[in-house]
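Dropping the structure in here first, questions after.
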Amino acid sequence: MQLGKIIGQVVSTRKEGKVQGLKILVARYLDEHLQETGKTAACVDTVQAGVGDVVLLCSSSSARMTAMTQGVCTDNAVVGIVDTVSSGSKILYQKSDNR
Amino acid sequence: MIFAKVIGTVVSTSKDPNLEGKKLLLCKEVDHTGKPLNSYHVAVDAVQAGEGNFVLISYGSSARMTELTKNAPIDAVIMAIIDEVQITDPAKSAKKGTSEV
Amino acid sequence: MFLARVKKKVVATEKHPAYHGKRLFVVKPVYPDGREKGTDNEWIAVDYVGAGIGDIVVCGGAPGVAKEVFDLELAPIRTLIMAIVDHVDYRDI
Amino acid sequence: MKLGKVIGVVWATKKVPQIHGCRLYVVQPILENGQDSGQPLVVADPKNIAAPGDRIVFVTNTDAAQAFDTGFAPVNASVVELVDDIA
């Protein structure tokens, strides 16, 4: 999985059957130091993530393994909202409550 | 499979039910000599790895082929902790001096 | 799927059971006019149609395809030679 | 599938049960003429076909798990043939 930061949402009225009713978010990929990279991805939300959240992004066929994305034509899904990322005793990221 | 070094942990409370009870580790990809490469993975731990360990990561749909990760939305799994990488071809082994792992 | 030229035959005695009795070739992807696509581009493919060295063939495969065409329980086979090309009709764009 | 040369062995005592007893090799992908092609990778050898120094054929991605008797193993590449000759 990769880390990403939610920067927006895709609004689309005409979608493929099974994608209807699913929230599609725009995430910017983060590197291992939680710094933003230039790459972004559209991904199906399965955990009610919001803009500003640092999330776990699952790609390829594994993205279709959640209850919400089973059989859906997606190859990228948000599967978790990250609380903390730490390296040794160093905290690289801590989710704040007042987002 | 790719070589990686465990550099941190990732904690998440609101996640897919299939991810519950699984340890997520932040892993930096390295080459066979231990030289860091330009990518990383958040991988599920299937072998009780810890920070600093030199490990093997299986990625993509193959990552779901352990009892722990079966049918879960997981695209990277730590499937072995490496004791040693023995390179027989002298021309290929640790060109850049000593290993960093 | 891709067009390729059969270059050489791979000879092996020790192999995975799924490969018993199968011929393996080195194939190089080509453009429709027969030019090779890059020098660093080479695949090993299992023959399904009786191809020979020098033939232009259609190669490809997907997970599980080999299992079906060879009727095997387990088939760690990805790239198959699926067709021998007689000629390619194409237009330069 | 690709051609490769076994250039090393990965020793790991702690691994997932599916690959117990299966050797893991560092393989350098090569071309038919022996030239290197791309970066070395780790390849599992479920049927104990290869040894260091050998030229092999390996299969990647989902199909790699099919080289195991169970068809279920978290590996990205598996050895399927030991090359005697390329003619």
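By written order: A, B, C and D. Residues from 1 in each chain.
Throughout what follows, contacts are C-beta pairs under 8 Å (C-beta built on N, C-alpha and C of every residue); 3 or more make two chains touch, one makes a residue touch a chain.
Not measured: the values here are computed from a predicted model.
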Exercise for review: Enumerate, in label order, the chains that touch chain A and chain B alike.
Suggested key: none
Point to revise | Rounded Å distance between chain C and chain D, as computed from the means of their C-alpha atoms | key: 20
Review point. Roughly how many whole angstrom separate the Cα centroids of chain A and chain D?
Key: 34
Review point. Where in chain D do residues touch two or more other chains at once?
Key: 61-62, 64-65
Check your understanding: Are the chains arranged, by touching, as a line, ring, star, complete graph, or other?
Key -> line
**Study point:** Interchain pairs in contact, sorted by label
**Key:** A-B, B-D, C-D
**Study point:** For the chain B and chain D complex, residues of the former touching the latter
**Key:** 1-3, 31-32, 46-49, 56, 58-67, 69, 77, 79-89, 92-93
Point to revise | Complex interface listing, chain B residues touching chain A | key: 7-19, 24, 26, 28, 40-43, 51, 60-61, 63-64, 71-76
Review point. Touching chain D in the complex: which residues of chain C?
Key: 7-19, 24, 26, 40, 42-46, 63, 66-67, 73-79
Point to revise | Sites on chain D touched by chain C in the complex | key: 1-3, 31-32, 37-38, 47, 49, 57, 59-69, 71, 78-87
**Study point:** In the complex, chain D residues that touch chain B
**Key:** 5-19, 24, 26, 28, 39-44, 52-53, 61-62, 64-65, 72-77
